[in-house]
Structures are given as structure tokens and as C-alpha cells.
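Paired with subunit B in one complex and with subunit C in the other, subunit A is shared by the two complexes that follow.
Here is the complex of A and B:
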């Protein structure tokens, strides 16, 4: 078995980072890499990956999620759901203060929700299910939904719904608020310094409500824009933590073998990044289901996993990643079968029409993957033209439906109602926008299944609905699912308990400690 | 001379405004909408949200109105606000400018000094082994891509020998002050400055060599030699000084572009300068920030060109300023 495959298996099993039951030690400084440099740290206003990675230490949500995606208390210490599944009551922790010493109360929750509806695209979508939010007292918040919404308890982690201090943002122009550049949260670490282009420094919150935590004194997020330089920074001991995606995949096996290095693939369960090819269902050969199925057969996804992703990840079976709720692999299978692909193309009457392929401009691995897919498709007789763009340009082309095949990967947020359905329901076909149903797939049965799945109770009913939806989608191939991606986190082995939830490094370092 | 400078400054302002207008439209020609980029990062996108963002950025206004607002701002020295980074553009550029100036001016000094030195030696010993050696040495650094030289430098001096830091402007968290801080910054500066400097050095070396060989053939050099002046004096006072004019011209062109031309060096060495700020702004379609960086870079080119013209006079007193 190739070593990289073995590494992938070990990561999948979480065997390379055993969490030992040791007594945490207090003190120490961690140097971690952040890439790219976040445009801002105010999580309610900026929601890109690096912002959450840093600000997940500063801000908090009402809940966090275990690796099995069960809700865990954070700013809410308990919660209850009414029998009709329309009223959710959260009891907030008492004694929580913002970093400036002011108390955190239900008024902050109400304010945050109103603000996020205007500033946070995903929170806005999630909160569309809410009829009203009330605060009967300072430490209770009651959400009343318009109708039952199965995944409602899954929308409260810090990146999806960060809590914002009302006393600092209320009545101000949010976009120019000075606290955007010196954020104040309730989290285990406080913002101290940001030397643009160099580093972001967070220091321990001495008044954190969980006694004894955080264990670390400081975190330095080092900004190193070049992937090779990030690898060297780890090799030369200048940084201790390389969060998932910090280095090119071909460097992972080498770095993993360094002395005192631990690697884990854990901490991405909530996001469950799934890579696929958008297929423009509207026009040309791709409007024919048989051509889309041929693409699934034509692409050697095991090769992509083993060679391009160095054994990291898992071949996707359909629209849901295997790590999220209601996943099923009881669907049609598409093994690598060029002969079958050719037969399907012939049957569909494909005559070599030119098909445009947009790779994803996220670095070397993605470029290589684009070339491999192009070669696979050419091998079965398709004429492929690669279109080179940067990320913003590519997004615009895809949003404007000006493409044939395009790479992407999206987070699934733990539940099909949050992160899967949005890509396949016909009400999400809206020109000019990304990350919705840009492929133009329209199937009333799928629309109904996702609508029913979101509000169905109990869980077994939801499972039944989503099983059916997955079967239909895999048969129709609205997009070509590629891999469940894995972004291994590489650390010095002295860094303990860095990842304790399904949100991983994005959930902050409050449990992390250094075994000095 | 004063009227010459005043006239050049006035022309420079007009050129700068023309550049602003041109850049304003060029940036918008590139596909990619800042509002879609931002909405997309949240992992969701709906029409109302994107519309709100466009309104917030002022992108919903007609293009001429957007241009008018921007130019009005630039004229009153306001480079606008980066919605992406939630800070005034001038502040963002101001934070990065010192690091870029330190890097590029050091690299510029290295390239100019080494280039003239090597060029002089090459011309003095033209046709010898030393001449060939210098030419080959200079061309190696010119021919190799900057990112490659940078990575090899890191491999050799950081990973293998552990002599120099591989990234950054200073040792983060060391809290050094005074001389210790200066030494620390200098250590971090050596590799990026040498990488950038050695690249430009080749052109100065070749230019100095060619120019000196040309001047050496002129009659006044023969006269100087006939007068019995020493070879060193002839080379320094008569040949080099006259040969420097094309080198100064080239240096003027280079010095302006150094500000925005260090993107690769800054990226590989994680040097917190303007080049990277510009690159990030481009990827994120941060229009105001990108335009702001372009304004500064253009202003630098104009300023350095003016300085070049003034240096001509110092190098060759026969040149007079036309008013």
C-alpha cells in the first residue's frame, strides 16, 4: 500500500494524534499559521475562513458541536425544544463578560441576530425560519419558528452566529465602527495587536468564565503568504501549528514525518468540505443526463485522491459527505469506467463539441486536479478547453452561468437542510450569485423532498426523505461529486487538545495546552 | 531650476489624474464583483444581500458618478475607504509603506552599487576571464526567476545553515528594542533585499560595462592619457562619470517600479509591504484599496523621474534645465 494512502487511512481513523488523558499545563505561547491574511476580524461583518480561524478565539456562539455534531454548551448553558418543535428556549450562562468587562446578556443576543440578518449571508438564510426572538429576562432567549426546522440547533456555532456586543455596536455605523479593527468578544482570547502583513497577536482572557481556561498565554497568528515558505517556517521551528490547508498537499507526507510532529484530520466534521464539478445543466451536451453520467464514469477519482491529494480524503458517493447527518451510500455507484463513459457519450450523440472547464484558482493542488480531469475527459473523447481565471473572476463566470464545467468545494454545515439542499433546489436558481443552484438543475420532486426534509419530525422521517433525495440526485448527476476533502492539521506533538470539537481549529484554542 | 521643478510637478499632477481615471476603468473591466466575493465567503448568497453590499460599496451608482466621487476624494487627498478591510485606504497603505521602502531602497542600493562596481571592473578588464566571470555571475541572477532564487536562498541559509530567518520583518514576540531590534530587522532584510537587488544588478552591470567601453574610445580619454593621468583617475573621473548617464536613466525607471514590483519577493519572504497589499486587494476586487496603491505607485514613479532629471545635472553639469 502506498505510504500516502496509508497516511490518509491513519488520518481518517485519527490514529496519528492520540489524545492522552493528561493533566493540562498552564502557560506558553503558540505560533500558528494563518493564510491568507484575514481582511478583518469582526466575524459578524467578515466571514471568510481565516477570519473565523482567528476570531473563533475572540468571539463565541451560543453553542459548539462535538465531532458527532451533537450540540454542546457555549454561551448558552442549556436549551429546550417545545413539543411542536417550533419554540427553542436557550438559558444563557451567568457571569459572562465581554473583554471590556461589561456583562453579556440576552440583549446582546437579540442585537446580534438583528445585525447578522443584515451582515451575514448565511445567518440571514438560517434565520429566515425564525418568526420572532424574545428575551423574557436577561439570561433567557426564546426563538419561535414559523414552522419546525430540523437543523435549527445546528446554526449556533461561532462562525454561523457570532455574538456581538450591543453596547459597542448599537446605534453605530457598523462598517466604520472602530471596534472592527480591535474586536471585543467574550471568547477565551482577547485581541491585542495586528501588524498588518506580519502577525496577529491574541492574549489570554483572564476573566474567562470557564475557570482555569484558556491554558495558553498567547497565540501568534503568523501571516506567511507563500505555501513553500509556510512549510519551511514549520520545518525551522518558527511555527507550531499548520491548520488544515496551510501547506500544499504534496508537502503533508514530508512534514508529517518530521520529529515530534502530530497530524490529525479531525475538526472538519461540521464543515465537511465536499468537492465537486459544477455541470451547467442548461445548455449543450451537459443538458443530457447521459453525458453527465459519462463524466462521472470518465473521471478517475481514486487517482485524484491517491496522487493529487496524497491519499487524503475520500471518494464522494453523492451530494452529502459521509460525515454529516442522514448520509447514505445506498445510491447508484460510478466507478472509474472509461468504456462505459464512451458508450454513454455515444448514446447521447455527443460529437466532440467544445466544453469549457474552469479549474479552481486555490493553488497548485487544484491546478493539477484540473489538468487530471481534463485528461480523463479527453481520454473518453471529450473536447475540453481550460479557462484560466482568478477566484473572483471564476466566481463571476459561474454565477453568470457562463461555464460548462467548474471546480468547487463547499461546506455542508452538518445537515442537508443547511449545506446540501441549497445547491439543488430550483428556488435557488438566481443569476449573478455563487454557491447556490448555479448548475440550473430543476426537479420538482427534489424541491419537495428538501422542503419536507427541513421540517419533518422525527429524525427517522428526515432520514427517509434525505435517503430518497440522495438516490434521485445521484441518478440525475446535476453536478459531478468528486471527493470529501480532508485538510490535515499539522502540529508539534507538545500541542495538546487543540481540536476537541467538530469545528476544529475554527472553534478557538480554549482547550489547547502545551506540554512543555 | 525652481521653475523647472514647478513645471514638472504640475505636469506630474495632470499625469497622475489621467492614471487615476484610466485605472478606475481598467479595474472595473476585470471580471469579478467585490460584493459577490464577500457574500460568497459567508457560504451563502442571496440577491437582497448582494444588493445591500453593492449599495454599501457605492457600486450601485452609475460609473461616471462613482468616478467623480473617487477623483474628488483623490484631489482632496482622500484615497477612500476599504470596505473589505474596514479601514481608510491611506491608513492601510501607510502601515505597509515603510516596510516596502526599506526593502526596495535597500535592494536598489545593493543593485546600483554592485552593478556599477562589477560593470566598472568588467570594462576595465574587458575580454579577460574576470570580465566573463562577472558577466556570467550577473546574468545568472537576472535569468533565474526571483521566486526560485528566493526559495533556494531560504533552503540554503535558513533550512540548511540556519543563518538567516526565512520569513517576516522581525522576530515576532521577541519584543526587541533599539539596536537589537535594528539588527533583527537587518537579519530579516538580508535575503529579500539581496534577492531583489541581485536581479536588478545584472542590468546595471551590463549597462555600466557597455557604456564605459564606449566612452573609453572617445578622444578626451586619449587626451587624458596623453596628459599622463593615472589609469585609476581616468577610469573614475573621466570614463565612469561620463558613462553613468544611461545608468542613471535606467535607475530612474527602476526606482519607480520597485514600489509595486516587489510582489513576489514580499510574498515568498512574508515581507509586510505594499506589493502584497496590492496583490490581496486585486484578488478580492477591493477597488478603492487597489486604486489607492496604484495612485501611490504612480506618484512614486513620477517623483523618481523628477529626481532622475535632477541627478542628471549633478552627474553632467553641462546639462541645463529648460524652463
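Here is the complex of A and C:
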């Protein structure tokens, strides 16, 4: 046995040696862009993208996730699942303290869960299957579920379930608690100051439980409202880190070519944003499956990836992004094939009826994409009219089902039960709301598969169910899947190890270091 | 009429303006026949610089669309919007001005207060609001440009009519018992027309600029390519690809200049006395 361990160690060293060739260096200050300025930093109350990005370094969750979405220890150092998959036992790390010096214990976990159920919409849904949570001792937390829930280990990320200090929030009015403005967590960095409209400053937590970490002394999150000015700030050296989405896509190639600049699309695996076209299945030509399939064949998605997204991202094969669990590419393929699209349209008896297209009003990239898709569809003989609208107007039209084709992108949260099924099951058809089953696709078989898939055990059984669901959906084309989006993170190459997990920059500064 | 053309052709600015306008109109009418493909079609690799590939002489934009084709099709939209919205403004402004000037008194007061109501709102801001409310489309753009550009027409016509109203031949027509509409249409308006024609040529230029500004701000008709749209879409990549904005920008500049020159030429031709004595 020891021999085998030794061999394993040697192998591991051999494999990872080139990556770890450099020892992390301690010290240094990093300037990063945060866009837009977050509305607040108390992660339990506010969960906007920028809040998660800054506060993910102040607060921590029980687990973090690898790029392959395997759970990694954070505040919980180990966990076990009972035979019947209904009891999850977490062993908490010992010797963890809040930034004010008080110890972190199971009581904080219980309190956080109670608080999040009231303040955090997604945490509330994620915890719906939980029957009770108990703490037999200070360092053990036991979750008992009503029924087995496959994706349960996927809900403990810092943005989904941040741990909140009980001694500061217990018995207070959460919304007016003074610590909302100077949040106290267990994370590698401590909140120092926030000059509104200018910068947010975090400093090293000297008592962090992982010895030697964090490596950096300080982080300045710079607030720069204008997109062009953000690019210039990077070019002039004012900032070293441009998180995904903080500069326009077309600036990415120019910035990437700069000296000492590293670009990566990694770090979004947990969110896996997937872009698609809502297709209104209820009315007109799009009610015909063949017309929807024709749309898939007609659109040149490689062009969209290479030109509009500057080569970042991946052509989607179906309802699941390739980075989330139970993804399969063993489904019907829709390559760019205008001839086939024309044939399908003819077969379906489409005679040039007008089809309305709603682009997404999120800026240049999405506008250009709308124009390209329109051209693709017109090339196969469809009559497309683009409807100009703003974000709110577009949301309203889509929610009211007053559209034919509409652009969107949604996060998938690692598991089909958390992020995929919601868009295809018929119980999620609700007029007036966005991001549910607004396309109006209704298939009892799919309903059953997603219902079974969420609670099936073991994993192999879930995989079987979701494989089947993906096959059916891709054949039916309820929506036209476009791209798995990647938001490139641009950094100075001297910034090392910033993105090591599937959550990326949101909890990345824990491991980051500066090569001076 | 002969006299008019003679003096028009004598004025150099008028000639240059006419040439530019004729060129622009022939591009708008015949250009699309030479380019049967839609200007939205992606034809080459994106960001192709101009003068490198002969099929796309002016390069391609961010999606690989032909900038030259875009300019040709854009001419159609820009000129059409300019002409139609000016026409609509005239149809609204001329009768209002004529009635105000001819009838005077309470009618004049009422119509002029109504006109001032539009004049006091900054015209571009009003145009933006109207297009935003009506949803951007070619119709809402023409309508909003017409709405902001008719008040000067009404005021000008009113002034002309006021002065013509007291002329003897008008008085004579009144005495002989002609109807009001007959007098306005047959006696007064023809004589008030020349300043209106000059104003109209300048209004077309302003309308083209307005349409370009609206499209630049993303309030153009999303289904039609126009010069303003091209400038607006290329603006953000100007550091990588100057040609996407520069060429349509030049097209706007030249056509607006041409229309202004025509206005000057018309002014000279229609007021021969003014031009001879004034210089």
C-alpha cells in the first residue's frame, strides 16, 4: 500500500511538475476592473454578477467546484452521503475564524441557511428538497432530504450559499445591519474600503486557515463606467485584470495581442452560459418541427463563434452545455446546411410568412449577431423582420409570448436539474415571466424524464435519463441552441493561478499570485 | 422656366450641387441593380481593409459585409427619407402657414401658438422621443422628421402670405368675389413659392442628417441599411477599422453639401435681382 501511494505521488509530481515549475511568490497588489459597480457587497442579500465577483473573495461557501464541477473542500473539509442518498453529512474545517476573530462553527451554517431561505431566491429553490438541517456537534452539519436529489452537492458554491456570521447577524434586521457596508466573512481577503464610483479595496486576511494563502497583499477593484475607458485603463497599465464581460468583444483581439497579456475562456464552467433562440412553438410556421429544424440547419453557428465572438465559445449541440453534468453529444447533429434547410421548409409548406426576430439589447455584439442570423434565415428563403427594442421591452414581449424568434442566454449551474429542465418542462409555462418555458414546448415524456432525473439514483441512472431527454429535445428543437458562451478573462501574464476553479474570478484570488 | 434654368446653370454652386444630387439619385435608383445581393450578406472575411480585394473595393465591416454595397443601398434609404419627410413637412406646413397669413386674427394666433408649441421643443430631442415611442421603423422615422421640420415652413409661408395679402392683384381678386381657397391657391401661393423651394432643398439636407443621427444612435430601421447606421455600427471599432465609418461618413457629407449648394443655386436663380445686386 505505501508503495502504491509513493508511486501515485511520483506520477502526480511527474504530471504536474511543468505546471508547478514556479513557486508562488508572496506579496503584491492587483488592480482589477469591476463592471458595473455592485449595488452592495453583502452576498446573502445581493447576488448580482459584480457582487459575486468581489464578495466571493470575502465570503466562502462550504464547497467550491473544479472546472469539471467536482466538489472541492472549502469550509467543509469532507462530506459523506448515506446509502439511501437522503442524508448528507459535512465535516467542517477546524480553526477557521471570521475576519473579526470569532470562530466559525456549525451554528453559523445553520443560521446562514435560515437567513438565505428568506433572502436568496435561488438558495430557497435549491433547498426545497431539504427536510431538516442539524448540527450534532460544532464541526458537523447533517442535511436530511425529503427524497434523494441528485444535484444536491452542486448547491454549496459561495454565490449560491455564502456563509454568514451568526454573531453579527443573528437577531438583527438584516437589511439595515451595519455590517452590510463592511462585510465580514471567512474568506482570504477582508473588506477595507469602498470609495463609491472609484474603487473597492480588499486586503489580505493574515489569519487565513490555509497557511501561506492568500499570496497577494491587496486587491483594488477599479470602477470605470465607460467600456472604451476600461480598455484604455488596461492598455495604460492602470489595471491588470479584466474579468469576463468587462470589455467589448471586438476589443478582445486587440488587447490580447498586447505584450505580456494572457487570455483565457476558462472559469465559467459552473455557470456555463448557453445562448439560444427562443422559438415560439405555439403559432405560425414555427409550430412545425420541420421549420424549427430548418432554422438549426440554416444558421451558420461557426461563423457566429469565429467572427462575432472572436473564436471564443463552442457551438452548442443541444440543451446542455458540454461543461455540465450528464452532457451527451450523442444526439442529432445540425451542421450548417442551407440546402437541407430549404428542403425542410419546402416540405413543411412554408410560403414566406413573415417571422419576427427580437435581438438581445445587450450591446454591439448581440446586435451584430441578430443581423447575421437574420441574413442566414433570409438566405434559405424565410421572411424575417427585426423588431428593435430595449432590454425591458424585449423581456416583456418574450414573457407575453409576443414574438416568433428571440435571442437569450441563460446560466446552467452545473446540473440539468438546476439549470436545464426549467426551460423545457410544461409545468414551467407561465405567461408574464421570463426564463421559464417561454417557447411553450410541451411534451409529457420530457416532463417525466426531468421529474425522474432530479431524484433518480445512482448517477448512472440519472445519466441514462438525461441522455434520453437530450436526444428527444434535440430532435424536437423547442429552441434553437446557438453557442456555449465564453467570456474571456484578460490578465497581465504575471498574474498567475487566478482561474483554477469552475467559478473562475468569483473565488479566484484565493490562489492567485503575482510574478514580479 | 427657361430663364430659371439659365440662371441656375450660371451659378457654379448650383451646378455642382445638381451634379452631386443627380449622381446620388442615380446611385440610389440604379445602384441596387448592379448589386443584386443584399448589403447584409457576409461576403468576405471581416475587417478586410479597403482596396485589397477588387470585389469589395471599400473593405468589409465587423461581420464581413461589403461596405461599398452598404453605401449604395444606404443612398436609397437616406435620400428617400430626406425627400419623403420633406414632402410631408411641406404638406403640413404650407397650408398652416398660408391659412395663418391669409386669415390673420384669431386663426393666425391659434395656428402660430400651435406652431410655437413644436418650435420650443429641441427638434432632435423630440425626434428621438417620437421614434423611441413609435418603435424604430422607416415610417416612424419619416413621421418624426416631418413633425420636427414643418414649423419653419409654416412660419416662412405665413410671412410671405402676409406681405402678398396686401398686394393690389390680391385685393382685386377679393373684390371680384373669388373664393378664399381660389385666391390662396391661384394668386398667393405661386408667388410665395420660391423661398419655400429654397427652404425645402435645405430641409432635405437636414432630414438626411437627422436620419443619420437617429440611425447612429441605434434608432434606425433595423431592417434597412443606412449611412447613419453604418457610421454608428462602425464607431466602436474605429480604432481597428477606420474605413467602416469613414466612407459612409463621406457619403453623408457630400450629399448634404450637394443639397446645400443646390439651395444656394436655387436662391440665386429664383431671386435674380437679389443675386445681381447683392454681389
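Worth pointing out:
Everything below uses one rule, namely that the second predicted complex is superposed on the first by the 491 of 516 C-alpha atoms of A that agree within 3 Å, B and C clash if a C-alpha of one lies under 4 Å from a C-alpha of the other, contacts with A are read in each partner's own complex, and residues count from 1 in each chain.
As a convention for this text, a residue touches a chain if its C-beta (ideal position, glycine included) is under 8 Å from a C-beta of that chain, and two chains touch if they have at least 3 such contacts.
Keep in mind it's a predicted model, so treat the numbers as computed, not measured.
When both complexes are overlaid on subunit A, subunit B and subunit C end up sitting side by side without clashing. Within the superposed three-chain arrangement, the count of touched residues of subunit A is higher for B, of the candidates subunit B and subunit C. In the superposition on chain A, A:146 contacts neither subunit B nor subunit C. Shared-chain residue A:197: touches subunit B; no touch with subunit C. In the superposition on chain A, A:346 makes contact with neither subunit B nor subunit C.
Of the two partner chains placed by the overlay, neither subunit B nor subunit C lies in contact with A:257.
Contacts of A:387 after superposition: subunit C is touched, whereas subunit B is not reached. Of the two partner chains placed around the shared chain by superposition, subunit B is the only one that A:175 touches, whereas subunit C remains out of contact. Within the superposed three-chain model, A:434 lies in touch with subunit B and out of touch with subunit C [touch as defined at top].
Of the two partner chains, neither subunit B nor subunit C is touched by A:354. Taking the two complexes aligned on chain A, the least Cα distance separating subunit B from subunit C is 8 Å.
Shared interface residues of subunit A, touching subunit B in one complex and subunit C in the other, are 228, 389. Looking at the complex, you find that subunit A touches subunit B at residues 29, 31, 36-37, 39-40, 42, 45-49, 118, 120-125, 175-176, 180-181, 195-199, 201, 218, 220, 222-226, 228-229, 232-233, 235-236, 238, 389-393, 395-397, 399, 410-411, 413, 419, 422, 430, 432-436. Per the touch definition, subunit A reaches subunit C in the complex via residues 228, 248, 250, 253-254, 303, 307-308, 359, 364, 367-368, 370-372, 374-375, 378-379, 385-389. Residues 30-34, 36-47, 49-50, 52, 56, 81, 83-87, 92, 95-96, 99, 151, 154-155, 158-159, 162, 165-170, 172-173, 267-273, 276-277, 280, 282-286 of subunit B are the ones touching subunit A in the complex. Those residues of subunit C that touch subunit A in the shared complex are 38, 40-42, 46, 62-64, 135-137, 218-219, 221-223, 233, 236-237, 239-240.
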